[in-house]
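After this come two complexes, each holding chain A, first together with chain B and then together with chain C.
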Partner chain A sequence: MIPRSVRYLLSGISWPVYILLYTPLALVAYYSFAPAPNQMGHSLHAYGVLFHDAEVLTALQRSLLLAFFSATISTMLGTLLGYGLCRFRNRRAKGVLANIPSLIIYTPIIMPSLVFGISELIFFNFVHTYTGLLAAGLQTMIIAHITFQVPYVTLTVFARLAGLDPYLFDASHDLYADGIKSFIHLIIPVVQPAIIGGFLLGITLSIDDFTISFFTAGPGSVTLPIYIYSAIARKGITPEVNAIGTLMIGSIIALALIHFFITRHRERGSQFAARGNIT
Partner chain B sequence: MSAAKTEVEYEAGRQRLRLLSTAGPGLGWIVLFLLVPSAVLLGIAFFSADDYGAPVLPLSVQPFQQVAGFSLLGWDSGNIVIFLRSLQQAGIATLVSAVLSYPLVFFILSRPASIRPLLLLFIVLPSWTNQVVRTYAWLELLGPDAPVTWIAHHLGIVPPYLGLAPGSFAVTTGLAYNYLPYMIVPLYASAEKLDWTLVEAGRDLYASGVKLFWHTVFPQTVPGLLSGVIFVAIPAFGDYIVPQLLGGDKALMIGSLIANQFTETPDWPYGAALTIIMLVLTGLGLIGFRILTKKIGGGEEAAI
Partner chain C sequence: MTLPAAPPLTAARGAISLSGITRIFAGHIPAVDHIDLDIHAGEFFTLLGPSGCGKTTLLRMIAGFETPDAGRILISGREMQEVPAFKRAVNTVFQSYALFPHLNVEQNIGFGLKMQGVKTPERKKRVDAIMELMQIGQFATRSAAQLSGGQRQRVALARALVNEPEVVLLDEPLSALDAKLRAELQIELLRMQKRLGMTFIFVTHDQHEALVMSDRIAVMSKGKIQQVGPVLDVYEKPQNVFVAEFLGLSNIWPILSAQGQTAQTALGPLEVADVHLARLCAPPQAPEAVPPPTPGRLAMIRPEKIWIYNDAAAPTGRPNMFPGTIREAIYMGASTQYRIELHCGQFVLAYDTNNQAAERSWRPGENVAVELKPENIMLVEP
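Coming up: the complex of A and B.
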């Protein structure tokens, strides 16, 4: 379809772009092996410092807690929400009122993260001033992270459910499964890949985020990205900062590749099974 | 008759109860923790600021006068320059990512179907790494001692001892790098569905090269391109971390200006008014874009 000469041109432009996409990340890894800032040579010095730095280790622990708790709760909320919208919404309803759920779901996605973060900062500040609850810290960060993850989980689950045969629900109803039973025995297993996908997406979004974390964090809730940001502001880019960066880049790439190959493997398996059924 | 009707009503009520119990918690969460807070933020813009920058009565339009550049010292063009600079940075970043996206998307499509998902994944992967890490990574490449800067010195583009970062160039690069996947993914989705028979027809009519692309391929990818423009331009316009890390003092953008009103030199009403103006400009941009889209035609997918 694409002539050969154009193919060469496309390759000639695209491979350099691919390389450019990974050059900055590779440089972070490269400089993490420097013995000291702006010094040549290789050593694992920075990593050694890192693993004995209590501040870094607590920040890492907080980041993982934040990602895990926010993704767990947002997966629960988002799965229920996606299920409810797919099954119980009156599709004949028209007008502004019927669109309100969609509007609410898309707001966290389209709102610039700076506006998101500052809104939360002010809101938590007011709530704390007047009620004494929700002091800025890990709890407010978890709440904010749940808020931006819920829509993504919802859309993932909704897409999976919308692709299902609606008669499945009738069938489970005919077999005397009530709402909760059919949710546990039919919906959860069928939507499981979407739920796992949504959970991993939530983790990724949580680890990716800086802006919203920055504005909802309190003095005692420094997470890894916030630690890196303030370390750069204080003393520039050190091999230790690069070492943290390298570990973060490495783990997210590994996680993504593992998820990619597992789901692809499973898809191939199910395709094979489907073909087997037909013949 | 009436019994049947109550049964229908009863069922409708149960349906509503089911919807409420499943969708309620999630929707309620977003309303409570995002819609209410942003309403509070927007409301603050109409208050006066006390000595610590916190909002106090009486209501006032002074924050908006500050946004327009009026202060006790008279009028200052600073804010307008910052708004224009943000617009320019977002515009260039969008253009760069659009121009790069076309060859990349058709490169991926020219490869065997089995490896396309992997090629697409490698485009998206960098954007999944942490915002701070992938942004400061560019300092390693463009900073004062970096190899690219050394080449730029020898070409006479930048004076010695100064890097390409921090500065405007670094901000544009950082924005384009951050948001490139947001352009490629929708463009890929629309290019994947391309009707190649049209291209064949064009070739039969002796069209070739740029003309063939412009008349047969490009119109079919416009919906994807337009979605991409929205996904890149809006977040790039109000971005915070990129100008903060790569911009320095001379490349201040609207995002940093807003953030400063809540962190370094607090003035909440002023910051809230800046936010309103930023959102209004974004909204106007979207509306203008929709009108433009309808004129070009085929902008159905651009609607979010």
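Coming up: the complex of A and C.
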């Protein structure tokens, strides 16, 4: 039992932390409602400007396109990889060998994105020089985004599968399902929440990413984060930039809520199940 | 008109024949070591042994989850080496039940039929029939997670039986249940097996469970089969010390030498009814022992086969009557377990039933006489 004084102290510390975390976000939102030039008060002026700025809309469209394609492909690849790593891991392996799956998954995640971005840049240049393929642009960005999203999807799928009764796979083979049927009728439905979670995470990461996009973008493939960066470099922080920030915060919170409700729904199901067990 | 020749016993639907089955996991001693075994069609067969004896590995090879490193598996007379698990007419009830978490009871049971391409109306009919039989119809739309242990066990069994397999494999399916439910389900499982006439292969480490349920038992240890036979034989006439001790309590004394029907043991001379005593336990130096006798046979007697008498009231003139003193009496409800120190210094474990016919019960310190009837003494290998 934690003493009451310590509990008060801990909750006393937590509030300044929350303030530190959320005040900057609130400020961005506040400044986005700045009035039109030479006027007073608050207005939606910046949003109006934003929605009529062709450059912003193109960048947004490109960001969404990039996010959608990279997240879709990395969800498919990550699901297969997570399944493979879980299903065909060697249960009798010891030491480093036993940890190879997690090493494969975690290394790209802990790699600084700067290093990641530069190495992608070098790789694409290399390929382009020798084959003429992979000119810098949306396609290289999609590939780069897939490479950093796959580990996240793999991790969520792997974690879900590793938490399952390993005999489920045997049971499905035992009940006349071959590999493909097992995948369709057992694996996909069972890991579905992880797949959706991985996809949403991929979208978020992709829209959010600046570093890797910056290094792999080509002329005419400016995404929203890159646009914001160059806008700030040119004109400083304008209400329009704050408006973009506010919209992004809003969408990310919306995505997080969707994910939260999906997972909460699942957990509630298993909680109910646990109660059902006792009776 | 002549009748067609009966198919060989091992080719009947549901019969299993294993020959030379070996499975070695990398860098380990064999988990299953050259096992030859015939399981008859329609019998309730139990693989009994301590954990790690290879019984589950053997079961998994019959199911097709593991591939033997050597040997042949025949199911209903067909070679199974190249047949993957999903093509074998064999279904398994797993220890953890392995019910699909994303499906409800009905869908779980229908999974195998669906994978085999059985169309919905037919599938529904068969699933309903088996749910009725197993009395789980009221749970049809519940998810597996919402069931109790006993209900899950029924669903797991229904999921196997609905496919009408040639063989049903059960991997310690009752081990997670409490004692009372377990006893109920043992009987239920047995009735179901007799009613459907399918071959059941049951894996357990619980000797009591094995005795209750099986037609025949194979006792396994260290990847090898120690003894196969009908329940009664394996319990009453164990071949070796391992089987004797695994299936229940026993008193065992090495035989030092033998003459006629008398064996020399630590108890002194012991009359044994087994006519093979002299041959089996002849002293090694005997010149006529051309096939060298298996060294070191032991005399074994079950505690419930020992008679206890009041010291004064003990009948005289009978063989194998040993005086002693009660050292320990443990009341166990239906019977009492006594530890008796004989005058020669050896200890004997004996059960006495607590029925009205029982003369009386004894307290520690009382002097008694125990009788080891010659016909109840078995000769076992070490």
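Rule of thumb we're sticking to: the second predicted complex is superposed on the first by the 250 of 279 C-alpha atoms of A that agree within 3 Å, B and C clash if a C-alpha of one lies under 4 Å from a C-alpha of the other, contacts with A are read in each partner's own complex, and residues count from 1 in each chain.
Just so it is clear, a contact is a pair of C-beta atoms (placed from the backbone, for glycine too) under 8 Å apart; a residue touches a chain by one contact, two chains touch by 3 or more.
All of these numbers come straight from a predicted model, not from anything done at the bench.
A.B. asks: Applying the touch criterion given at the start, work out whether A:137 contacts chain B, chain C, both or neither, answering first, second, both or neither.
C.D. replies: Touch partners of A:137: none, neither chain B nor chain C.
A.B. asks: Just checking: does A:18 make contact with chain B only, chain C only, both, or neither of them? Give me first, second, both or neither.
C.D. replies: In the superposition, A:18 contacts chain B only.
A.B. asks: Should A:193 be classified as contacting the first partner (chain B), the second (chain C), both, or neither?
C.D. replies: So A:193 meets neither chain B nor chain C here.
A.B. asks: Contact-wise, after the overlay, does A:121 reach chain B, chain C, both or neither (first, second, both, neither)?
C.D. replies: After superposing on A, A:121 lies in contact with chain B but is clear of chain C.
A.B. asks: State whether A:174 touches chain B only (first), chain C only (second), both chains, or neither.
C.D. replies: second
A.B. asks: Per the overlay, which chain contacts more chain A residues, chain B or chain C?
C.D. replies: B
A.B. asks: After lining up the shared chain so the two structures overlap, which partner does A:9 touch, if you call chain B first and chain C second: first, second, both or neither?
C.D. replies: The answer is first: A:9 touches chain B but not chain C.
A.B. asks: Which chain A residues are contacted by chain C in one complex and by chain B in the other?
C.D. replies: none
A.B. asks: For the complex, which residues does chain B have touching chain A?
C.D. replies: Against chain A, the touching part of chain B is residues 15-16, 18-19, 21-27, 29-31, 33-38, 40-41, 44, 100, 103-104, 106-110, 117-118, 121-123, 125-134, 136-141, 145, 177, 180, 196, 199, 234-235, 237-241, 245, 255, 258-259, 262, 268, 271, 275, 278-279, 282, 304.
A.B. asks: Write out the stretch or stretches of chain C touching chain A in their complex.
C.D. replies: Against chain A, chain C makes touches at 25-26, 60, 63-65, 84-87, 90-92, 94-96, 98-102, 111-112, 114-116, 142-143, 145-149, 159, 163.
A.B. asks: How about chain A: which of its residues touch chain B in the complex?
C.D. replies: Interface residues on the chain A side: 1-2, 7, 9-11, 13-14, 17-18, 21-25, 27-28, 31, 38, 77-78, 80-81, 83-85, 87-90, 101, 104-108, 110-116, 118-123, 126, 143-144, 146-147, 150-151, 154, 179, 204, 207-211, 215, 224-225, 228-229, 232, 237, 241, 245, 248-249, 252-253, 256-257, 260, 264.
A.B. asks: Show me the residue ranges of chain A that touch chain C in the complex, using the header's touch definition.
C.D. replies: Counting only chain A, the residues touching chain C are 92, 164-165, 167-168, 170-178, 181, 185-186, 189-190, 192, 269-270, 272-274, 276-277, 279.
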